[in-house]
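Everything on this sheet refers to the single structure shown next.
The letters A, B and C name the chains in turn, as written, and every chain counts its residues from 1.
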Amino acid sequence: MWRDAVLVAGKDLRVEARSRVGINQVVPFALLVLVVFAFALDSDRGTLVSFGPGLFWVTVLFSGLLAVQRSFVIESDDDARDALRLSGLDGAGIFLGKAGAVAAQLLLLEVVLTLGVVVLYGVQLRGPVMLLLTCLAATIGLAAAGTLYGAIAAGLRVRDTLLPLLVLPVLAPVLLAAARACEAALAGAPAEGWPWVRLLFVFAIIYVTFGVVAFGPLLEEA
Amino acid sequence: MALAVRLRAAVSLLGRFPALAGVDLDVATGEILLVQGANGAGKTTLLRACAGLAAFVAGEAEVLGHDLRKERKAVRRRIGLLGHATFLYDDLTVTDNLTFSARAAGGEASSAAEAMARMGLDGRLRDVPAGRLSAGQRRRVAVAAVIARRPDLWLLDEPHAGLDAAGRNLLDQLVLDATAAGATVLLASHELDRAAALATRTVVMAGGQVVDGLLTPVAPQEPSNVA
Amino acid sequence: MTISPSSASTSSRTVRILGWLTAISLALTAVMALVISPRDVNMGDSVRLLYLHVPTAWLAMYVSFGITTLASVLYLWKRTRSRFWDLTAGASAEIGVLFLGLTLLIGSIWGRITWGVWWTWDARLTTTAVLFVLYVGYLAVRKVPAAPEVQSRRAAIVAVAAFLDVPIVHFSVEWWRTLHQDATVLSDRRLLDPQIGGTMAWTLFLGVVAFTLLYCWLMAHRFRLAWLEDRLADRAMQVAIDERRAEAGVGAGGTKKAGVS
């Protein structure tokens, strides 16, 4: 299973490196969302700074949707299932590989977005350990749940509208917890953030486990 | 000699449509079986079902000793399907695609290199992204991907289509070498002359079954494949 | 095989009796709720809405969706896999979404009367709203344009995932809310959990019983409907197989004998 996971993750990341879709499209999109928020909300420094964490994670969420969609589109579009099944790879391994690749891309995106939030919104970074842990746990949970639901929506004509409908309610607690944890860190009171980080790790564990178990059967129907 | 494929009254569905409506077929190991039939007779579904992609919902189906009614996944590492879609990643180079395919089947990168050499892909095409290849070149890469997996059962759906003359000769030689080494080949083709010469046996499909009978009146009226 | 008229309906003697029982108990509940039970000390007449709100909430969240989740698990597990569980899950979810929608609507009206707001983001309400969207998503997956097995299998997985998510959502929002006690609306806990006793308790109990009967009656009909649709599809399948085989007779000039070698 792990060998397959590494193989698939490597393949997905190599595709991303060659096609540069993430860099050319997803990152600019994310930065643009940050800018758009600044227009929509009255951009006097006060509100943007206090909403910073929430806006950051909303942006990551939407970018995550794009990353997951892309992860399945590269599998020969509508024949996504065939290519993966024919390869003979273990379903659990494919899940871990794909989710891992999405997580890696999201983490890189988060680095860029952090810079964006610091520069554009004037957020002051504090509590780096908590921020890092939050990003790690939230990203793993996002990638796992996203990949699972991506497989549910994959290959269907309605996939682009179905995926957000399915996955956003599921990711709501991740959004909540990550934003609160980051707020706690930035406010200089990281102790308040630990329960949220714990919640994020619990979520991540649950959905990684569920994905490992359910992904194989999901790919398998006729 | 063991049977590579054994089907009895096998039914397989495409959505709700019974693409295979009761197939009886025995294929011995080492045979090169040509499956003929009009468009829509079920040839592609037969190959896909033997690959474990389409499910058999009724009847008996045994491929390479695995009962496909119970467990479809087990057979996949041992088969190589050459289908209509080429299952290549457009952004990856030929080398990367083939290495991935080989490794996924449990093999090593060296099988990929051998396959490329055999299909004449180890020259300047090695590092070209698959998306930039011509249709014929993609076909060659797809064949190489099958070879790289070293399958026990080859499932070839219209393999000659899209290949140039040199490619076709290569493919024929590959098929003969593979069966000499103990593999079995099922191929579906409209290129009746060429494929019939290659095959050790021929069956005809119609209406989702394997039917007995001479070459039907329908066959000569089919549009022949343009090279 | 012909389907006789009586077996082609979704009703039967048992179901009809159930229907009557349901109607009677609902009528009784209405009488008790609107006429016999007293006004609440704090809420006045708006408490009568609760006799509708609480049963639908309980039915939707615990009974309907609980059955959907259970049936989905049974459908996914190889040993108990059968169309029966898939159809049960779908029917129960439909009724659940209906009841939950009703719950949210009535609750919102009650909130407007009692607190002056149509909505508030406390743990219970937020979780309920998320639950609603999750099951709307489930129904959407059941109806995607794809083969029936695809619809069933994926929907079942969505149901299980939803079940896993609900406690997480509830816990996270509850935690969030306990940190922010400033919600003036929620400070009056008495309104949220009214002390009920006597006639009011009986009315509530009757309401729950009545709605449980309603759920059973609706399930009986909805399930049977789905079951009949499934039977019909199977017959259509047999017809399709026969037609497919007949293609061989038309296309091939030779004998239509299944060739073995």
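A few comments on the model shown:
Please note the rule applied: a residue touches a chain if its C-beta (ideal position, glycine included) is under 8 Å from a C-beta of that chain, and two chains touch if they have at least 3 such contacts.
This one's a predicted model, so the numbers in the text were calculated from it and none came from an experiment.
In terms of the distance between Cα centroids, chain A is separated most widely from B. A summary of chain positions shows that the Cα centroid lying nearest the centre of all protein Cα atoms is that of chain A. Looking at A-B and A-C side by side, the one with more C-beta contacts is A-C. Taking each chain's centre as the average of its CA atoms, chain B and chain C sit 47 Å apart. Here the spacing of chain A and chain B, counted between their Cα centres, is 38 Å. Here the CA centre of chain A is 31 Å from the CA centre of chain C. Residues of chain C in contact with at least two other chains: 146-147. Shown for chain A are the residues in touch with two or more other chains, namely 221-222.
Multi-chain contact residues, meaning those touching two or more other chains, occur in chain B at positions 13.
Looking at the complex, you find that chain B touches chain C at residues 11, 13, 15-19, 21-26, 38, 40-41, 201, 203-204, 206-214, 216-218. Residue ranges on chain C touching chain B, taken from their complex, read 146-148, 233, 236-237, 240-241, 244-261.
Of all residues in chain B, only 13, 51-55, 72-73, 76-77, 81, 83, 85, 87-89, 91-92, 96, 100-101, 103-106, 129, 149 touch chain A in the complex they form.
Residue ranges on chain A touching chain B, taken from their complex, read 4, 7, 11, 14-15, 18-19, 74, 76, 79, 82-83, 85-89, 216, 220-222. On chain C, the positions that touch chain A within their shared complex are 76, 130, 133-134, 136-137, 140-141, 144-147, 149-150, 153-154, 157-158, 160-162, 164-165, 168-169, 171-173, 175-176, 179.
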